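Chains here go by letter, A, B and C, matching the order in which they are written, and residues are numbered from 1 within each.
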């Protein structure tokens, strides 16, 4: 059964295959041991060392050691409640919102300690954008939604703002659908459009990393396909970390996959390898659907 | 118990609930109906020629020629009344001294009542008070005064176990067989022609000053005072209340200090309004001497304290109702906390906050007890904006009380009292309707 | 995408100075917010302090004894007397009267709102409650004085007798049926129905006779003054109604659906579910509602000032609701005007002493209701 599933997936993968040059690095087997990336070369974007996250006394993420490569798509999978969201939100310190939450260990962004006292959280979040599970546009016009970030960072020039809005919307493949209604309330858009708007809004502040927490779980298949296409287009330009419940999705869009189980990083590696020849028993059980 | 009895009990229980709802609604109707019906008579009433004459002479309103003609017509109808009386005076001058005295007294009383009804007799010197210069301006008051002309009141104390009984004696009996005998039927039958009542819409009731202790004119100073007090209270209460709500929802960390603050807020909400008034007197006026004595400023601040808990609670609730995803989105775009509050959370919470503000505005407009010692006076002119810092003002709620209990002629100016109550109630109701509509819109937006 | 900006990335690291600035800024900002918040909340401590400050001179001048024990209130007499007992009694009397009106009505309305009425009807009843709550107290007072008092004075006896009929007849009918049912359940089938009928007829005649007697008595009553404790109690009750209804409705709703469904599943009727299960579960909320109603009634000024008659006396007999009374709030409002001219006299300070007792009462009541709510939350939490 497992074989059949994987075959099917592989076919899909081929169909959805991005341009060759992007795929090359993965297939060439250049990066097999991801931890080898840790040795200071520029390709690691986010690096953690024995990184744990607590909610009060509950340890939701346990001593994770992980090197997330730059300009690739990394998927995080795992059963519900295993700490995927918690880990993802830790990267741009969204967990600061939760009073009971604190961390142990180190997490680096470009060799900079994210949890250092002196880190400027505002700048950090500007450089590490996030797209949430449910589309969450502000109850403002489409234009104002996208211009929110640039305005925040001091850009008041109407022309420049318009350019940025146009660019971001085009980037998010939404421009054609909304170009005539930029001044309408963003809540009037469909769910899929809203999610792409959120993506455009995030890209308008020009981040280096895009965090996505189950960005398609609230969407129908068609809208999902659109977002997945977008991710495929954006790879190579951004470092994308995506949490998903949908294993096909992980297989389709990601270059690397990390499998979490009860807060522990069980396995992390090339997507294809992880799905075809998982090294750990738990991974195998999970991707073959034996639990979770 | 049998099933049927249980069912019956169940039914009657349901009935009980319905009855209580019906009683509640009925209470509201009983309360509002007289206020609306009698209050509207301050605006819409049958005005006599005296009203039009007064409007012309004192306010230069109306068409002088037309009114002149009307006055002449009514004067012609009144002529016989005065003729009869002078005739009678001649008659009694021939009587003996003692009899003359008695008759004269009777005549004087009658004359006084007729003067009340129709105004001073032609040729007499003009009295000082407006109310003496004119007859009855309102038809229903004219009818009440007609009774006094037609009947003499007498109190019967013959039964000591009971309270005195009022007996009405027709005055015709007093003047039987004299030339005045015909006076009473004449007045009764021709009063309409003597006063020519006409339905009038006096919208200026809202914008006229009051004259002659509210006998005439409108309620502008009171309206303006209430407006000043309410807006003043909002100026203090809104920033403080909203800031406190922001602090309590977004910044405060759980702890003893915060729970003490919360207890303080709920205690403040429970302080009786009269105590606020005393506090305003003791603190704002006597201690920090914000003004020499009562002033709009002191009253506003007292009212602001009174509505502060409402504003805080409503704003807190509205801010808490803002989906946390908005906040997350803003923060993830690199907004600082303060910026998030200003650009995302407050705008999203605004309708809810506004609802609370509008409701507490209604409360501030209607409160009486806090302004008794701090801001309200019974008689005053409309204030200019700068005078509000030092001067007291009349205000609707206080003047309703004052006119209904302490006025020299409470019954004569019922229409003014009801008009004031109606105005105040309408003000408050409109504010509350606005709040209800606002809230409906919010819930629709949240659903849609 | 935005290549040029990408090169000029600002550093993640805050400079020492920026770091310090940020911390000072956020400290100052939060300090400012905290300052404003505490001003608005600590106002209540200010109120207590300033009322107490002006109340103490009275006790220094006159002592405690007279204030709390005497019923003689002659503050402007040659030899003034400051006995406030009668005024305390008046306040208590109208408050109890108001509660007798507001609590039964309010709770049954709340039950109806939360468990009986369909949603659509509820939408129309809610505004009624909101409007009742919004109408200014002076409008209630004016109504009580100008409309209600004369009616009461003119038709008082008849009104009372009609009201007693309306209230007692349905209750009596239900009572009779339940009694007849309960007493005959044990009997054998044959005699049960005749004996039920007999009991119903017998009790019916008894009650009808009693009611007639009562309404006859009420009809004979002459109300000498419409401004009395009864008038004020009814109006205050209506004013307190919205508070009682909304707070106890919240409590009833909070009792939860599982509880209701559990009870229905055992075959209980709606009435039994509500009386045996829901109301006990919501009892502390209802108690809190009652306390809030009491606070509303005892703190109300305008209605009692305008329509209570303002006679500083304990009614004779003590339960006579048809006699005029005087309350704390009305005394403060009414006497301050005269007392103000002689700031510093006992006459002036005694009013603050009254306000202080009002304040303390409302403070305690508030604490009590809060304590009840917190305890309830804890219970639900565990």
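Please note the rule applied: a contact is a pair of C-beta atoms (placed from the backbone, for glycine too) under 8 Å apart; a residue touches a chain by one contact, two chains touch by 3 or more.
Computed from a predicted structure; not experimentally measured.
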### Task
Find the chain most remote from chain A, comparing centres computed as mean CA coordinates.
B
### Query
Nearest chain to the global Cα centroid?
C
### Query
Taking each chain's centre as its mean C-alpha position, how far apart are chain A and chain B in Å?
65
### Query
How many Å are there between the centre of chain B and the centre of chain C, using C-alpha atoms for each centre?
26
#### Entry: Intercentroid distance (Cα basis), chain C paired with chain A, Å
56
### Task
Hunt down the residues of chain A that sit against at least two other chains at once, touch-wise.
123, 127
#### Entry: Contact set on chain A toward chain B in their complex
92, 94, 97, 99, 122-123, 125-127, 129-130, 132, 134, 136-140, 148-149, 152-153, 187, 198, 201-202, 205
### Summary
Touching chain A in the complex, chain C uses residues 1-2, 5-6, 9-14, 18-19, 22
### Query
In their shared complex, at which residues does chain B touch chain A?
253-254, 323-336, 339, 343-344, 347-348, 445, 448
#### Entry: List of chain A residues in touch with chain C within their complex
109-110, 112, 116-120, 123-124, 127, 167, 171, 203, 206, 208, 237
#### Entry: Of chain C, residues touching chain B in the complex
29-30, 33-34, 36-47, 50-51, 53-54, 104-106, 108-109, 111-113, 116-117, 125, 127-132, 134-143, 145-147, 170, 174, 177-178, 181-182, 185, 224, 238, 241, 245, 269-272, 274-275, 292, 295, 298-302, 305-306, 329, 332-333, 336-337, 340, 343, 351-352, 355, 358-359, 362-363, 365-367, 370
